[in-house]
Amino acid sequence: MSDVSQPRNSYLDAPYGLASWLLTKDHKRIAMLYLISITIFFAIGGLFAAGIRLELLTPQGDLWTSDLYNKLFTLHGVVMIFFFLVPSIPATLGNFLMPIMIGAKDLAFPRINLISWYLYIIGATVTLAAVFTGGLDTGWTFYTPYSSVSSQTAVTTAAIGVFITGFSSILTGLNFIVTTHRMRAPGMTWFRLPLFVWSNYATSLVMILGTPVIAITVLLVAAERALGLGFFDPARGGDPVLFQHLFWFYSHPAVYIMILPGMGVISELVAAMARKQVFGYSFVAFSSLAIAILGFLVWGHHLFVSSQSIYAGLVFSIITMLVAIPSAVKTFNWTATLYRGSISWQSPTWWVVGFMGLFTIGGLTGVFLGTLGLNIHLTDTYFVVAHFHYIMVGGAIMAYMGGLHFWWPKMTGRMFSDAGSKTSAVLVFVGFNLTFFPQFVLGFMGMPRRYHAYPDEWQVLNVLSSCGAGVLALGYALPLVYLTYSLFRGAAAPANPWGAKGLEWTIPSPPTTYNFEAEVRVDEPAYNYKSTREVHVG
Amino acid sequence: MQGTVSAHDGGHDAHAHNPNLQHHFYSMEQQLEASTLGMWLFLVTEVMFFGGMFLAYLIYRVIYPEAWILGSNHLNVAMGALNTGVLICSSLTMALAVRAAQTSNRGAQIRYLLLTMAFGSVFLIVKYFEYAEKFEHHLVPGRHFDMTLPQAGQQQLFFSIYFMMTGIHAIHMIVGLGLMLVILTMAWRGRFSASYYTPIEMSGLYWHFVDIVWIFLFPLLYLLGAHYSAH
Amino acid sequence: MKLPFPLLPPNASTVATEVDILYWFITAISAFFVVLVAALVVIFTIKYRRRHEDEVGADIHGSLVAELTWTFIPLVLSLLMFFWGADLAFRLARPPVDAMEIFVVGKQWMWKIQHPDGTREINQMHVPAGRNIRLTMGSEDVIHDYSIPAFRVKMDVVPGKLTTLWFNATTPGTYHLFCAEYCGTNHSGMIGEVIVMEPQAYEAWLSGATGGPAVPPAQAGEQLFAANACATCHSGQPGAIGPNLGGLAGAAVTLTDGRTVVADDNYLRESIMVPLAKVVAGYQPVMPPFQGLLSEEQVMQLLAYIKSLKPAGPAAH
Amino acid sequence: MSQHAPVTPVSTYVNIFVALLVLTGLTYVVATFDFGLLNTPIALAVAILKAALVIVYFMGVRYNTPLTKVVVISGFCWLLIMFGLTLNDYLTRAWIGVAGR
């Protein structure tokens, strides 16, 4: 980032040197640190995925041993969930944008923000240590008694890694909540907040209320393995299903940690790309809270065939239906926002369109699974695998990529290749559907998940899926190329390249260390495009 | 757009020169409110953290009521009660230490902090003796557990939960003592006064929280079987 | 049209069609919404594409009527799915009373099956078509899951308790049997087949099957009852150390702490493995625990024996 | 407990302290009697009361903003959600009378 026109005092080069980055308390730099780390973990997780899909090209388990295969999908799940998707949007875009969007100079606790990154790195290192000292083969769900008694792999180490990373997540959530409550600029009332802030706020609630429970849960497993204590051990009368309750008490809400920030990004992007007030602002805002709260009441839908009481199943099933409603409300509001908008065909829109289709499919197949009688046939099959990839890869990552492109000029001060981004969006969309749609069909036919070998008659669909994964990988590798390129050769970005509304677009790209030179006072609602003409592009 | 950038006071002037005001806050008021909220949120995460263990306790107690009573009968109620008293004393001295900061009384701060730490240490020492006793009686789950006890398996569950909960509580006490050491040095240097005492106040919240956990652990673990032994 | 590879699972049980109807119903609703959303998004992006650089969208803020509409319609539809699915689930959960009972034991990594006449097999389950069949399942180590996609049924097999699954196979043929809960290294090898036969063929198969002398589970249970000296305490005589087990299965039992529980399979299992967990009122807690001494299969046989006892007890047998 | 909150008199702290000690003694004594099913509710009620005293007085919640109060209360609500919905499973397991359902 040597040449031209960046403001000399941008946060990127205010203090120089590696130490100034590793000890920074600037939320924007920490966001960049996170960006780099999660990209690495995405690539690692993707590498494991490639291993999975290669094995599944043939029905016989002939490429890897079954042990290795089990480690591959376990580590794929663990890395993608705990080290990529959970921190992805909040810790990068959220970290960068939350303070700016509300007119603050930083998050409430800058030092804690840095600590949270270090915890993430330590947790990740410990987990990687587990990978190299025996791996991990429990599935990302760590089900007991397999994890606590039976598995021969480095479960204890991995559990401690996840435990530590949990605190990183807790601290980020805590920081965001306090920031939203206490750091808003004068005039930035709750109903003037950008919807991205609302959704990150809701996410943070889930983080601080749920994450401690997964922390203690994996700690109990580690203690059971390492210290000989017994919590879930059937030989001592322990109930393995209790572990599942504890695990899903966090891990269901955690799926909303993964999607809510994405929903926030989509709200921002829809408004900016259509230059229009988000349809039903308060419904979209409150639906985030509704998802966060109701999301805590449905975890039992992962236990429908686990020998949980069927009456508990009833309760969890009906609340699962209810939690789908706020997502429906959001989907329709985004669609309605496009109506009579002025829709740009620049690349962020392409990611948004992809998100809308894939998220809807992913969400609706969740409703299949939440239906009590149907879940019995579909659970633990590839139908579930397809469901969650549709939401997490098709939904959350699509949103993340859209957001990353949209705010890239602000974060780096550089414009990227719009054509590159569009190509990548199309590749991802096509590759994604090719990879995961056949899995719905496989799932309905009964192909169990976590299978290293499968009956011959399912090969065609599996090959399709593996080919799709190749296209998908290309789609994800491409941005790596042109975004990196843009850092060195990209045109300098103006303060407001999209002609969008929002405090972040009023300051230079990239911003200065404390974001705003003077105090900010807000006097209009978010997405106030109607009186716009004279304002944009400063 | 919204960024009508203006010079706005926001209480800026009143505290502008307080050396304890961090750059990204506008006022001491805002800084204090942020810390308080942050601390309480942190305590909520602690509630959920211990909550996971309380859930395990609750469920197994529902399934194995008898084993729970048997297990609880092995605990030393007198020591548990003593420790409850000790912790309550430490909470009082902690509250008084914060009060001493509010009234800018450096000597009292130091005195009360030292007392708090003393009580905390007594708690840990008593705990040590309790643990030692459990080791001796083969009540530590695992290979050496006394399998001749009735419902030995289920009692192991009870003791697993007992050791996990009290163990993590004890770790919190140790962390608390470390925290107190930091606060003590700060108090020593006269950092706290009526105009700024956030760190001591926040540490106090933490200390009281750890006390509250024990307030629940004591009846749930120790007193459960007391009326049986009294017969 | 016949594809060289299947896209749908075989349909071979009475509930399969019911499950499929619900599946296609939800698929139809989902397809409707996916198409609706996708079409609107595409149409809007094209129709309202930005014409010149300074253009902004129309100043529309929202509409309460619209919000209520698209809250209410999905709500009604999803509640419909819920009730339908719940009703189906209860039918899948409650085995008919006349069902024939087969025992299944899962262990890393095989399925052991025992028929009512004592015939055993491994990783294969022969069943007669047109009969209600109830599986009582236990696990020797970790959690497994007994899954037969062609029947649309599946149930976890959990260590430390017994679980139940039932079906009524309609079409003779051979179907996949999977372990659907991850259970370690050879999870994907813990597979087998379910062979549905005409009832006569099934009877013939039973009598021709090898695998050792077939002792019916209840009879094996009786032997175990004697071998483990259960009868010394459970003689059924008045004044015996332990309660009379005759007629116990399914009856209500009062415990020392005043609670009343129903003596279902898991209660009986627990009474044998961990007797002191629930002590029957009027008795001393003296029964020794058999956890670790009896295998899941033996417990199932003991249960079969206990269930076969007339109220008068073992003596009258 | 904002900067301008009134300083609590020492007597209040001491009173609360005494109350806590008395309540501890009370649970101890009460536990030696058998109230049957009421044993646990009584012990818990006393513990909750003690915790409430600590939270309200020692931790000074009464001088805090409504937001802090909401935070405190919601923490315990979430605990109840976790307990409640898990118990919802365990307490209804035998209802249907089919093992494992």
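A, B, C and D are the chain letters, set down in written order, and residue numbers restart from 1 in every chain.
Convention: contacts are C-beta pairs under 8 Å (C-beta built on N, C-alpha and C of every residue); 3 or more make two chains touch, one makes a residue touch a chain.
Since the structure is predicted, the reported quantities are computational estimates derived from the model, not experimental observations.
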| request: Return the chain pair with more inter-chain C-beta contacts, choosing between B-C and A-D. | output: A-D
| message | How many angstrom lie between the centres of chain B and chain C, each centre taken as the mean Cα position? | response | 45
| If you average the CA atoms of chain A and of chain C, how many Å lie between those two points? | 35
| said: Using Cα averages as centroids, what's the distance between chain B and chain D in whole Å? | reply: 15
| field | Where chain A touches two or more other chains, by residue | value | 181, 209, 213, 235, 237-239, 241-242, 245, 249, 307, 310
| said: Can you pull out the residues of chain B that are in contact with at least two other chains? | reply: 33, 37, 41, 44, 47-48, 51-52, 55, 59, 63-64, 67, 153-154
| Residue list for chain C, restricted to those that touch at least two other chains | 93, 155-156, 158, 161, 163, 274, 277, 291
| message | Testing understanding: with touching defined as stated, what is the shape of the graph linking the protein chains, line, ring, star, complete or other? | response | complete
| What part of chain C is in contact with chain D in the complex they form? | 93-95, 136-137, 155-156, 158, 161-164, 250, 258, 261-262, 264-267
| said: Residue numbers of chain B touching chain C in their complex, please. | reply: 63-67, 150-151, 153-154
| message | Using the touch definition from the top, list the residues of chain D that touch chain C in their complex. | response | 36, 94, 96-101
| Interface residues, chain D side, partner chain B - complex | 1-3, 7-8, 10, 13-14, 16-17, 20-21, 24, 27-28, 31-34, 39-40, 43-44, 46-47, 50-51, 54-55, 57-59, 64-65, 67-68, 71-72, 74-76, 78-79, 82-83, 86-87, 90-91
| field | Of all residues in chain C, those that touch chain B in their complex | value | 257, 274, 276-277, 279, 285, 289, 291
